[in-house]
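Here come two complexes built around subunit A, the first alongside subunit B, the second alongside subunit C.
And now, the complex of A and B:
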């Protein structure tokens, strides 16, 4: 599973981005998205396009963690969201790994995208393979909560201004660690 | 007076005679002051350090009175005793930390205070403009406080930070050196 995590300020400015891969079930923590390296901006497109749904959901749901709220089937991407009371949005895009194509290897890359939609819902309950399972929702919740804690500390720094890009290396390390721990 | 006795006194006063305030209030207020100074001085960190020291000096000159009233301690016999009093009583009752006194110079006129924790610097990350890490002493107000308060009890000292965990150093260390004892001087004759 590959992840792309973004924090958006209340005015929709991205203030933090990070891409990482799963460290569970033997993952090496390196993101491998299905887009070619030249098309990494797709992650940002997909994440930002889910904002409408976030805004629709945020008043109907009492909690801060909105779970998995959006999917983008062409890329088999799933979006989970977490809202802070001050209006910052934490968005996590997860994309399950391309399964080893046993039957479609001859059909080329285009069919893989189509096929993956059905295969990801397959039986496995491991976090890496099934983005909508309760286990995954729970892992993402833990991840979000941990980030929220670090985010609060970072935002408390007197030299940080609301809505400013988070450049703190400490924060980045903590996000990476949380990703490694929960996802 | 031994260092352990000083610790005991500090502990006792802290428990019984000190009004406590919320730590975040102190941290955020101090942080805001420093951030505002950085802005006012256009990130000229030398000037910010100087200004913090001056603010501390003015605090120290008044704080010493409060310190003596609360602690009821008498005159220190030598500079070593003064150091323990600062670390174990002074810092303890005002900031609830007790820095370690160490690295004495051979003439007993210089020592270091090592801060294991620094309530002023919680949450703080220095600006990453490439200079703050080398130039700004975030907690410099403490140097001024020591300078101001000791001056009021006839000791001229010089204090500065030599390392700070905020800058990525392993410890936060302040170097304090005694310049001289201020003798009572007759006012210049008026004729």
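And now, the complex of A and C:
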């Protein structure tokens, strides 16, 4: 499972970005997205496009944690969102590891039937394998809450103005730690 | 909802001539609210002015797939502007051509009439320049039956349809195709791709070297291609046992006045078609209508003789007869009343590949017919082997087809539906019928061996598992036929309920193709039925049905063309539903791409379609949320990227422009993305699209004004700067952004209010 975590300011400007991989079940904590290295903008496109859904659900959902809100099927990317009172939004893109067989999204008429889109989900209980399971939702919630706490602390810093990019290394370490702990 | 009245394809008011309202810069935003208002008013006016029943020309003239039709072009190109300016207006979504596509889908399922002509008739027609004989002569005219066609549905209410059609097939060729099906399927997909490629090349042609006409570019090029693909998908499937759309509803038996022994010949033809070697395959119900036609040669034979013979025919065969008067000499272009024969709308991919050159003539022809001003509108004289016909012949053939449909075929179908509904369906619907089917199911459990391959295992035993079809007289086959008839008669309510009823039978019999077909058509007819289904629950069941259909087609039968057809129908019809249905439409389009059902160009077209699906979901009630602009924009940009990779900068430019338009509503500043990597990507894309676009048009990019390159490098270096300087940056980047857009729009006929005059000059 690979993760891409972004904090967006109320004007949709990213103020914090981090990509990391899972540390559970033998993961080494390095993100391996399905896009080639030259196409890392895809993460941002997907996250940006899911703002459509965030804007819609934030009015219908009472909580700060909006759970899993959006999917980008071609890359099997799932988006979870968390709202803060100041209008900043935490968005987490998670992508299960690519199974070697399910290389069906490649363009090409040759793979007519391909491996059908229903990627057979290995060992459904682990977080890494099943992005929509309640366990994953819970883990993401814990992760978001922990980051929210550190975010508030960072934002309280007298040297931080709202909407500024967060460059604090302490915050980054904390996010990494939370990722290691929960995801 | 799809009555011709509602379907009125509202022509854009003349004030929307392309290029007037299209501002590419932010200058359009300050007064957006105002313009939206006035445009709405104008639209409302346009709607009320345009009569509820449009002239046939309005519906048909938009059909041509070729972008070479100026009419289609202008309609298409003004569409995005309407959508752009009337965001959130109640009329939005009506202009995205969904009614058009709906009509296309409905017409794709027209009744089939087989043609079986005697040798002397074919000979006569061959003299007129139609090598395929009588079938080839009448086939193109079946696409639209002239005038309104009134159909009575099962509850007795009548409805008139403007766009009714009929599909003519050659009885000689019928049933031969299914034999080689398995190999034919794969190739039909590759053929589709080939056609798209050809179309792309030929579309490049006219615009290739020269500056394109003002309204030819922009978004418009994309959608004709999509329609072409859709039409291919819909006509790629040939007659199959599991659905009766391709089965003949009637068969026309034709002789000519040259025949020496007319009545004997008719009998012989009838005999051959019902029991002889021209017999239809076993899975086709042989109870279809016979229609007898006497083709009279106006030039060589005596009309009194023919009339006498015709009267005799009527006495022998009843009312289903027609006397068709044709001139036997070949018509050439220079004749006074020559009319070009249209090319057929529903050519299968194979046929289209062999004669793709003729397609472009279609649009011109339709307009000629409608205006009846033939000599004036003939565009290019005698270029290729497209046959011509005398005006009188055309009128005669049209009258013949109308009479055939209105007086014979449709009443026959109505009658069959009523009878079957009465005798078979209602028995099944009744309470005892339910008990019976339940009982049967228990019996099956009792017999145990459900997986056995013997004929009687599982279900009713009417299914023949070795040959994979039901006998044509079994109740299952007849119910399916009845549902298909109802569907073709556009009685979607009855069709949907019948399909629903037989689904479980097919499942019990493990007739998977039938199962898939019933699910597919049930979902489609539910979506087509304008009255049913407002609730969300229904939408879920529709989704479920598509899911089943697609699973059965693909996994159980590996029948790709049908699966592709089912999913494409799902995409289009869900999209035209609007609201939350558009999202599942987009999801199905993604599934198509994911399954790899279409070739590379098809993938790009589906990408565009995903964008269109999202774009058609609009925010409600003036709120800013609820739309899917970002998603639509994203898919559009991806499509642009893919077009560029496929080496088609023209279409890439169109998609890019569309994407920027969609993003325009959600970005604070036009063309400036808040996220840096996106910005880089889009900038690079813009740049390479522009370079290739100009390159393809023969402009050496180095000849571009020297001022541009510095600007571009400035821009890229700007981008690398830190984010918190963004506010400062905007003013800088605003300029290059505009230049960019302006530059390739300029070639596509858009004027940037600030800097256009000079540039235009330069180009001219």
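Convention: the second predicted complex is superposed on the first by the 162 of 183 C-alpha atoms of A that agree within 3 Å, B and C clash if a C-alpha of one lies under 4 Å from a C-alpha of the other, contacts with A are read in each partner's own complex, and residues count from 1 in each chain.
Methods note: a residue touches a chain if its C-beta (ideal position, glycine included) is under 8 Å from a C-beta of that chain, and two chains touch if they have at least 3 such contacts.
Worth saying up front: this structure is predicted, and the values here are computed from it rather than measured.
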item	value
First, second, both or neither for A:19, with subunit B first and subunit C second	neither
Contacts of A:44 with subunit B and subunit C, given as first, second, both or neither	second
When both partners are placed on the shared chain, which of subunit B and subunit C touches more of subunit A	C
Touching partner for A:167 - first (subunit B), second (subunit C), both, neither	first
Touched partner set for A:73, first subunit B, second subunit C, both or neither	second
Partner chain(s) touched by A:158 [first = subunit B, second = subunit C, both, neither]	first
Subunit A residues contacted in one complex by subunit B, in the other by subunit C	none
Residue numbers on subunit A that touch subunit C, as the complex places them	8, 11-14, 40-41, 44-52, 55-56, 58-59, 73-74, 104-114, 116-117, 164-165
Residue numbers on subunit B that touch subunit A, as the complex places them	24, 27-28, 31-32, 34-35, 38, 122-128
Footprint of subunit B on subunit A - complex, ascending	153-154, 156-160, 167-168, 170
Subunit A contact footprint on subunit C (complex, rising order)	186, 189-190, 193, 554-555, 558, 560, 587, 590-591, 593-600, 603, 624-631, 633-634, 637-638, 642, 666, 668, 673-678, 680-681, 722-724, 726
